[in-house]
Amino acid sequence: MTTTSEIRPQKPWQASLSQRSISALVLVGAVALSYLIVAVTPMKGKLAYVALFFVIFTLFDFLFHFATRGLSAAKDAVARAIVVLGISAAVLPIISILGTVFVRGYKGLHIGLFTHDMKLNSVSDPISQGGLLHALIGTAILVLVALIISVPLGILTAVYMTEVRGRFMKPIKFLVQAMSGVPSIVAGLFILSAIVYPITKSYSGFVGSLALSILMIPTIARTSEEVLLLIPNDLREAGTALGGTQWRTVAMVVVPAARSGLVTAMILGVARIAGETAPIVLLTGGGDSVNGNPFKGPMGSLPFYIWKSYSVGTPESITRAWAGIMVLLGIILVLFISARFLSDRRSGQ
Amino acid sequence: MTQSGIDKKSERTMEAGNLVSSLSSVAKSHVGNKSPGSRAQGIGLEARGIHAWFGDRMVIEDMSLDFWSGTVTALIGPSGCGKSTFIRTLNRMHEFIPGAAMAGQVLLNGQDVYAPGTDVTKIRLKIGMVFQKPNPFPSMTISENVLAGLKLAQIKVDNKDDLLEECLERAGLWTEVKDRLGAYGGSLSGGQQQRLCIARSLAVRPEVLLMDEPCSSLDPGSTLKIEETISHLSATMTIIIVTHNMQQAARVSDYTAFFLSEGGPGRMIEVGPTGEIFSRPKDKRTENYVTGRFG
Amino acid sequence: MSQSVITPLGTVPAKREITTQPRLSDRVFRGIVTSGALSSLVILGLIFFFLTYQGFSVLRSQGIHFITSSNWQVVQDSAGNVDPKATHFGIAAMLIGTMLCALIAVIVAVPISVLAALFLNFYAPAFLKKIMVAVVDLMAAFPSILFGLWGFFILMPSAEYWAKLLHKYFGFIPFFKMEVPVFTRSPFVAGLVLAIMVIPIVTSVSREIFSQTPLDRIQAAYALGATRWSMIRAVVLPYGRSGIVGGAMLGLGRAMGETVAVYTVLNIVYQVNWHVLLGAGGNVASMILLKFGEAGPQEIKALMAAGLVLFLLTLVVNSIADFIVIRSGGKGR
């Protein structure tokens, strides 16, 4: 009998060194062969490399497994290759997008971006002139006003679904889902037809926020609902058993327990609308100078700034657009990571 | 077999107080029927120094057991003693749990199933498994369920109908389902579903059948049927059954192994012919367990 | 209590009604929460009402031609007034273009998403899964203008090349035919951009459904000697089939309503075009954005009507998706 001190945990099911080296050999072989074929045949270009490599690798893998382990293992190997191709196709665009934004946006970044607006400049001016301060402030105000409108409505909807559980539960679940599918341009048109034409007759930040709220409410409602559902029922019963009314139980026990989750819901809602362009273009008028009043005058915003710079189409303005996108993407990344962090901490508790 | 069948019936009506003596008498008669020494087929499956870990926690320590062809071995012990983990190491189902690790060898006909380059799917074809909860594939009919293993492992068979009938017959289900082979597996009762799962395991002709508490979610009538099925099957294959039910262990098995975890990893305390384990266990802890003093 | 149970003739006492009279504060609370929750109903109702109200005159004068004709023409007389007789509003080309682009998107995105979801659930090591899931979720939060710009500057040159290859080798298929070799800003390119936008949505729906596959069935398949792929085919795909369809419908709805990303990569032409590689397409949402800037009062009303059609279309597609996803959630077969 061996003593326990000599025995180490092993994972014999993991690929051994020889298996790994065979896989690597197959990989290298496929690369070499596809390179050779591209070199000697009229096929050329990145697409040819990738397609040939995939076909050859899959074929090699199939033959190898067929020879060593039979048909079902060979089919399994082909399926694995195709599945990996699928995830690559899903993830490659995002890498390309992030890389493009960084490479192209980097050129347009300078510190003046955050201290100047475009009052005195046009988007075709050299990049070092002007900035997007007005757009940053505008986006902040738009988002803030939209939050003020949609957080109460979104959370009330979630509380209805998890605490009140009245007879409209099913229809409301359906309606929230339907609302999350409303195209953003339709939300913009609706605010135009219901508020701008009959009442205000002018563009402003506020009407833009109204349209954004329509897009934000379903996100907040659904995320909050998920969060509130995670609160154990014992807590509610404990609150009620202590003689609390439902109102007090919800306000003092359930909602505080879900606080960080509700913040996550808000952050995800903000990430959803911060880059929304179509309704902003329809409704806010897109000013070039800092405007702190959402009820009066056109209001600039990051999406509008990017939109306008892109539409003008000169090299300077397009660099501006990429710089604007980089700032916008940075904001969304920060929001997203903080939401992840919050929800990770919650589930870790 | 008829003898033990009568024993089963009489024994189920016994008072709890007489349990120990009745268990030993049943077991004795059982072992009297087929004594281990008369087995000629040899060792089918050997576990050599099996250790198992989940993450850093060792759950099984140094278990070595031989399983003879044509016998039923019961693994008993309180919850958390590593019985299920142990049999899952035998057909390499252990490795599906994230963080799982093991050490030791499992020899099937002298070949280590964990040897590098071993085709794990072939191992699982030779070592079948029946789970705690009946789990027929709901999207398949009864006959498709039985033949599912062939489809999954891409085995070609000439006469599927004969195989279907044979497997259902051996699992003791043929007469009950022969008129509705096209019905979905989910339409059967729990006990029938479990026998369907046994038939499904048999279709790929395994040499060893692992059963992880196969009766724990069934009523007594269905349990009896499954036990009869086990008795029939044991003539031709190696069966290893994990059970919480000591009466069941005494009724169906030729050998019994007692596992126990005393705070740390599970260890095998004692193994021997079922009659001896229940009537004159060598270890005090085994005696305490089989007499119902704990566990 | 016990004696009433024993009585043989069944003089079981009548059930007592348990009544709870909620306190005033709770009734107020429930009232507020319910009215807040009904906001979604109110908003959707108002959207329908106001778009109908604003677009009604156009819908009445154009009738069914609004969705069957492709003629969009505002004719003004010498005084600058709109001539109602000669003015036509028809969005057939835009509607067909919308569906065409969305269909291309779904056809491209669904296989990729399903494979990606399979990878995340059954192939990826734990650490890779965690990163990839976060990355895919992050992609779902990207603004559409980013997809638009990336699609225009990065994807379109490659996509044009792929389109040429398709035309060269598969030109015999009617959809890939073209008389004039203009590959830029085609429905094909727009469909690809939309596909990349809906991949995260369809992936996360499929991943969710796949992860609910009962573990005991997966283990049963493996214990029968299944390879990973034959397990997936026998257990996971039958279980998740309707969930995939629901996710695809959800993606379709998203793709149909997208505005800015399509606007940047699609050449909008008022003509029904089935040749997906040709640089001439339509999209209701992008058309609204395109026409809005220079539209007069009458044309704005027509845009409102177009918005109404788009709203109803996405509503129907989303409802079907929702229905399928809910029905398939946690169900055996």
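By letter and in written order, the chains are A, B and C; residue numbering begins at 1 in each of them.
We adopt the following convention: a contact is a pair of C-beta atoms (placed from the backbone, for glycine too) under 8 Å apart; a residue touches a chain by one contact, two chains touch by 3 or more.
Fair warning: this is a prediction, and the values are worked out from it, not measured in the lab.
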Steps needed, at fewest, to go from chain B to chain C via touching chains: 1
Contact pairs, highest-scoring chain pair: A-C
Maximum centroid distance from chain C, chain identifier (CA atoms): B
Where chain B and chain C are represented by their mean Cα positions, the distance between them in whole Å: 50
Distance between chain centroids, defined by C-alpha means - chain A, chain B (Å): 50
Computed distance of Cα centres, chain C from chain A, in Å: 16
Contacts with 2+ other chains: residues of chain B: 121-122, 153-154
Contacts with two or more other chains, residues of chain A listed in rising order: 72-73, 75
Contacts with two or more other chains, residues of chain C listed in rising order: 227, 230
Of all residues in chain C, those that touch chain A in their complex: 22-23, 25-26, 28-30, 32-41, 43-44, 46-47, 50-51, 53-54, 111-116, 118-120, 123-124, 132, 134-139, 141-147, 149-150, 153-155, 158, 161-162, 165, 196, 199-200, 203, 227-230, 232, 250, 253-254, 256-260, 264, 285, 288-289, 292, 303-304, 307, 310-311, 314-315, 317-319, 322
Chain C contact footprint on chain A (complex, rising order): 45, 47, 72-73, 75-76, 79-80, 82-87, 89-91, 93-94, 96-97, 100-101, 104, 152-153, 155-157, 159-161, 163-164, 166, 168, 171-172, 174-187, 189-190, 192-194, 197, 214, 217-218, 221, 245-248, 250, 268, 271-272, 274-278, 281-282, 303, 306-307, 310, 321-322, 325, 328-329, 332-333, 336, 340
Contacting residues of chain B [partner chain A, same complex]: 49, 51, 53, 58, 61-62, 92, 95, 100-104, 114-117, 119-122, 153-154
Interface residues, chain B side, partner chain C - complex: 91, 93, 96, 98, 121-122, 124-125, 128-129, 131, 133, 135, 137-140, 148-149, 151-154, 184, 186, 197, 200-201, 204
Partner chain B, residues of chain A touching it in the complex: 1-2, 4, 7-13, 16, 18-19, 69-73, 75
